[in-house]
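The chains carry the letters A, B, C and D, assigned in the order they are written, with residues numbered from 1 in each.
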Amino acid sequence: MPKRDYSLDNPAWGTRRPVIVGFLCNWCSYRAADLAGISRMGYPSTLRDIRIMCTGRLDPTFVIKALREGADGALVMGCHPGQCHYDAGNYKAMRRMALLRRTLAQFGVHPDRIQLAWASAAQGTLFTETVFKMTNAIARLGPLEWHDTIDELVPRAPAMPSAETLVEEASHG
Amino acid sequence: MADSIGNHDLLQRAIASTPGGQALMECLQCGTCGGSCPSGQDMDATPRKLIAMLRAGMDDEVLSSNTPWYCVSCYYCAVRCPQQIPITDLMYTLKHIAIERGQYNKEAHVGFSESFIDYVERYGRSFEFGLATRYNLTHHPFRMVGKAGLGFQMMQKGRLNATPDPIKDMPQLTAILAEARRIESHEEAQDEPV
Amino acid sequence: MSQSRQYAYYPGCSMRATAHAYDRTARRVSEMLDLSLQEIEDWNCCGATEYMSISALQAYSLVARNLSLAATQNATDLVSPCSACYLNLRKTNDNMKKYPDLNDQVNQALAAGGISYTPGALRVRHLLDVIVEDVGFDAVAALVKQPLKGMKVAPYYGCLIVRPSVDGYDTEYPTHLDKLMQTLGAGVVDFPLKTHCCGGHMTQISEETAFELIRRILHNAADYGADAIVTLCPMCQLNLDAYQPQVNAMFGTRFNIPILFFTQLMGLAFGLTFDEAEIGSEIIPALAALGKIGQESPEQVAPKRRDKKALPMPIP
Amino acid sequence: MDEKIGVYVCHCGHNIAGTVDVEGLSKWASTLPDVAVARDYRFMCSSLGQELVEKDIKELGLTRVVVAACSPHMHEPTFRRACERAGLNRYLFEMANIREHASWVHQHSIESATDKAKSLVSGAVRRVKELKPLEPFMVDINPTTLVVGGGIAGINAALEIANAGHAVYLLEREPSIGGHMAQFDKTFPTLDCAACILTPKMFDVGNHPNITLMTYSEVEQVDGYVGNFKVRVRQKARKINTDLCTGCGDCWEKCPAKVVDQVYEAGLGYRTAIYRPFPQAVPKYPVIDMESCIYYQKGTCKACEKFCPTGAIDFEQEDKVLELNVGNIVLATGYELFDPRRISPYGYGRLANVFTSLEFERMLNASGPTGGKVILRDGETQPKSVAIVHCVGSRDKNHNVYCSATCCMAALKFGHLVKERTGAEVYSFYIDIRTSAKNYEEFYHRLLDEGMNFVRGRVAEITDAARQPGEEGKLVVQVEDTLLGKQRRIPVDMVILMGAMEPRRDAVDTAHRFGIGCSEAGFFTEKHPKLDPVATMTDGVFIAGACQGPKDIPDSVGQGAAAAARVLTLIGQGRVEIEPVRANIDEARCSGCRICNNLCPYGAIDFIEEPGVSRVNPALCKGCGTCVAACPSQIITGQHFTFESIMAQIEGVLFDVRAGNGQSHTVEQLPLEPA
């Protein structure tokens, strides 16, 4: 059981708190989060969640985007292996996340900042515990401030061009 | 004592100093432990009842109960408990606290444990002969009559050494145990509810 | 012939006195099974069931010293023939792994003696488990010169070899000693009290309590027509053997059941002489029971077929 | 082009307003780019709240709407309808879940709850701007229904639907329907005979014009979606030509192969290799069990064939694989009994006179192995004392932590019947007696009155090792009588173990095959534990009976009917909307790399040789987005979850920590979560 609060001993936090972007699958983990609410289970307000239909939808760009926009970590949660609403999206997420964590490590992002976890719609407790664990991990690691570092490495490009604009360019060019 | 009811010092301490002790809070009072205990009939409270007393804050009654002292460490209670409470280890904890607070039961065989440990701390190994004679002479002098015959037989069959056989590096062991004692007493100072 | 298997060997205090028969036969049999047991240099007492109640951390540290010493020998497995020692060694190894705080404290204590131990560095095992798992029944059978045919034994495991929990074995109804005895050709009774308590240290503290526990086991073995009880723990052997006369005195019973170590019977089956098998060190003489070896006993005959109208038994 | 976004913050009474500063939130929202209006209101889901939105859409010409309230799983449909009524495409609406995900989980601090709510609203506002108008698909509901499992729950569901005039396939794994109830003798608390109330229903199923009965069959594969499921069924070969068979029974009377019947007789009785599980079986035809049939094992015998008067035996018969098209599915696959061998101190399998509850049901049954006589394993001796052990494998973290709900009453029933038939002393060993349904507690009182001995204590061990006089030749039940605080050893002749109700061993596979969820234990997960107990997360798939959790007969019957009602609603509607959340390939820019083809779990993406691009079949696509994320040239659009909309939402939820947006990285220090 994780401690029921998190400490910001790490002085690097100054006055700010950890910020984690959550990508929750519509069928299991988003509903687990709903259940946590219905059961009034408290957890750190560090998680800001985004609903996707399936962790299989998780485009690694999303995580990179989140970190670059100032998040200290990203938590991807889906259905338990074998229980994916779409057969095996979570297995695909597993592969992508493994690769992503290794890649980002090369850019100085600690692997603990990018986590993949499971919770069935019935596991509100597991969901809250996961948020606590992740928050504690991030709290220990300190702020990421990745945009500062990464912007030097890779100058900030204009927001990812949409399919449409690409066609535009193609047709004009 | 009624006035101690609802004050959970001992419960908290027991949970803190027993690995996996948190499970205590989920005791169903089903009695599997009490039913399984080989020496259950001789205990003034079954392990189940002891847990109930612990949770009722009857600290003095718990510590002065003979139950932990009749535990034979067979672990039946622990493996059968439907709530996976480490009951055997809880008994060790309670004995330890009782000794520490000098609150233990008259039937308690602290003497036995202590003489045993005394030999271990002196020689690094236990010493049945010394143990049996010394413990019994001090605690059950009359039993020695019956035991003497047995002792003699065991001697004859070379199953009882008249002299202890100490380990070589006693200083090392002594140092280790001393340090352990230091750490533990320090820990407990913190555990103790204020 | 394959390279003999190496094990660090922790005999434990009783093996040097009350259970020297066990120690000696264990060593002889292991040799015949091509197991090389290297006794831990300058090992100390495991604390039995006493130390825990006085001071948990000291108890763990006491045991950890042995683990630390054993780890320096070139073996991955630490073997003990004594169930109590086995439990304490195993428990310390496991709990240090499971509870990091405990691990830190124990190692802090060890440091005071200039040593350390990494939990999990060793696998703690009981001699019986090693013989059953690493050697196997076939290899044992191959060594049997004098099958124990005709003698009926009650396999008595006691508590600490299967509890609190040992992966792979039923915590209340193990059968590996049963199978081993069958492999030696002995008749084996399905012994209900096989993992009940022998009274442990209660013989020293409350004879009323202890002797009742001993009586139950002897009574049940007699009920089942066992010629002998076979054990794998010095404490169990001591209680059932040495206190048998006093139990008889207390309850007015006439039990006369020899209590032998499984290694003694293995030795006999492997062709050791009575002396080599340390027969005679027991208080209740085993000669009568051993005399049955070789004779045709009724139990060897196939059990009678179930009555026609009887209801089927569940598949075991 | 400029968007006009309306943001509506719901108080939800105190549920949200209690912990989130709703006024502040809506004021703040009104300052966000493109937000034309922001309001807060006590109950947005009320008709007045909805009218508020409709009015603004009409009068202010809103082009997008965000409602910050509860979970989209609760009220998204409500507000989508409201938008549509006001002429705004329903998919231009987005919900911010500031109740379940903020006010209810951050109650310790208004600041952190409000802060979290801000980020969720900001995310929704950014996302809604990227959404595209979509039209839902309408699909017809195939009025035929598949019911899986022929126990009492499945039978009831099938009959309800069939009686309403719709076709039903009733599928059963065993050779006959009836399930566990068919094994019982009496039912609690009324003690009426199980067969007398079950067999008429079984008969109706067998003869109903709208029910196609498929016994000895299993589902192999399920495809499609609500209204249009394709189900592949394997009908195992009975080795009997059912057109010719009259069920006369000559075959099994002549069959020389006797085996223990582990299923219907629960291991307590025998059957032949060619057998009909029980006299009232539906259908009446036997099956040949190839494992035990001498002909299949040794190559000779065929006694059944020789004696069959109608030549109905067909040794060459093969399994049949059938494709069923159905609109809805009801799962009623039932439960399995806990195997008490897993608790060795209870001695089951070792001690002859320890029985499982199911064995004992068969023993009580007049058509069972003992003809209803209560006798010991020796087949003749009547017990003088019987122990009934509760919670065997239930309420036990070593096995199943849950309470099996039915055992207490079954134990009371057993106690009554034992006394009635043998006059034996009966001891019931319990932790708690749970009799929480109509007339159950009364039945408990009746047993107290009949002199059944209740011992409060979970049994520690059952042994044949006599310790004191009076125990010889008995089974001794050792227990702590917790009300006396004393250890007791009670010698009896017979012990009955009330085993837990466990999910079917293959429940997890089944759940997966039908695309529904299940608990770790393996019980199927309902859509809502309170308000939607028979629906699942998958539209068109419903659950009933013990497959959803331990249940007794009345509850299973009730759920069977409830599931039927839900199916009939859909059939009544005739058509159902399905979300246009689908993948869409821009074929103009598809490189034809075919990576997506194999990734799709539904084989919904085909490669079109000419012009060499991939194409999504919207009828098969379920919109998971796996292909969208995987497309190397990013030309697959996940409708309603587009790349742009999610990227925008990410920026939105991080509004306060984003770099280069003028704001500092810091937010005011908030109190840490409480211990």
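To be clear about the criterion, a residue touches a chain if its C-beta (ideal position, glycine included) is under 8 Å from a C-beta of that chain, and two chains touch if they have at least 3 such contacts.
Since the structure is predicted, the reported quantities are computational estimates derived from the model, not experimental observations.
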Chain pair, A-D or B-D, that carries the greater number of C-beta contacts: A-D
Using mean Cα positions as chain centres, tell me which chain lies farthest from subunit C. A
Once you find the CA centre of subunit A and the CA centre of subunit C, what distance in Å lies between them? 54
Cα centroid separation, subunit A vs subunit D, in Å, comes to 31
Could you please state the distance in Å, as a whole number, between where the Cα atoms of subunit B are centred and where those of subunit D are centred? 49
Interchain centroid distance [CA atoms averaged], subunit B/subunit C, Å: 23
Residues of subunit D touching at least two other chains: 345, 461
Could you check subunit A for residues that touch two or more other chains and list them? none
Where subunit C touches two or more other chains, by residue: 171-172
Each pair of chains that touches, named by its two labels: A-D, B-C, B-D, C-D
Would you tell me which residues of subunit A are touching subunit D in their complex? 3-8, 14-17, 19, 21, 27-28, 30-31, 33-34, 36-38, 40-45, 48-54, 56-62, 65-66, 69-71, 79, 82-83, 85-89, 92, 96, 120-122, 128, 143, 145, 147-148, 151, 156, 159-160, 162-163, 166-167
Subunit D-touching residues of subunit C, taken from the complex the two chains share: 170-173, 190, 192-193, 216, 219-220, 223, 307, 309-316
Residue ranges of subunit B in contact with subunit C within the complex: 17, 19, 38-39, 42, 68-70, 72-76, 78-79, 86, 88-89, 91-93, 95-96, 99, 107, 109, 112-114, 116-117, 120, 124-129, 131-132, 135-136, 143, 146, 150, 153-154, 157-161, 165, 167-169, 172-173, 175-181, 183-184, 187
Taking the complex as given, what residues does subunit D use to touch subunit B? 345, 391, 395-398, 431, 456-461, 478-482, 485-487
Residue ranges of subunit C in contact with subunit B within the complex: 13-14, 16-20, 42-45, 47-58, 60-62, 65, 95, 98-99, 102, 105-106, 108-115, 159-160, 163-165, 171-172, 196-197, 199-202, 204-209, 213, 242-243, 245-246, 280-283
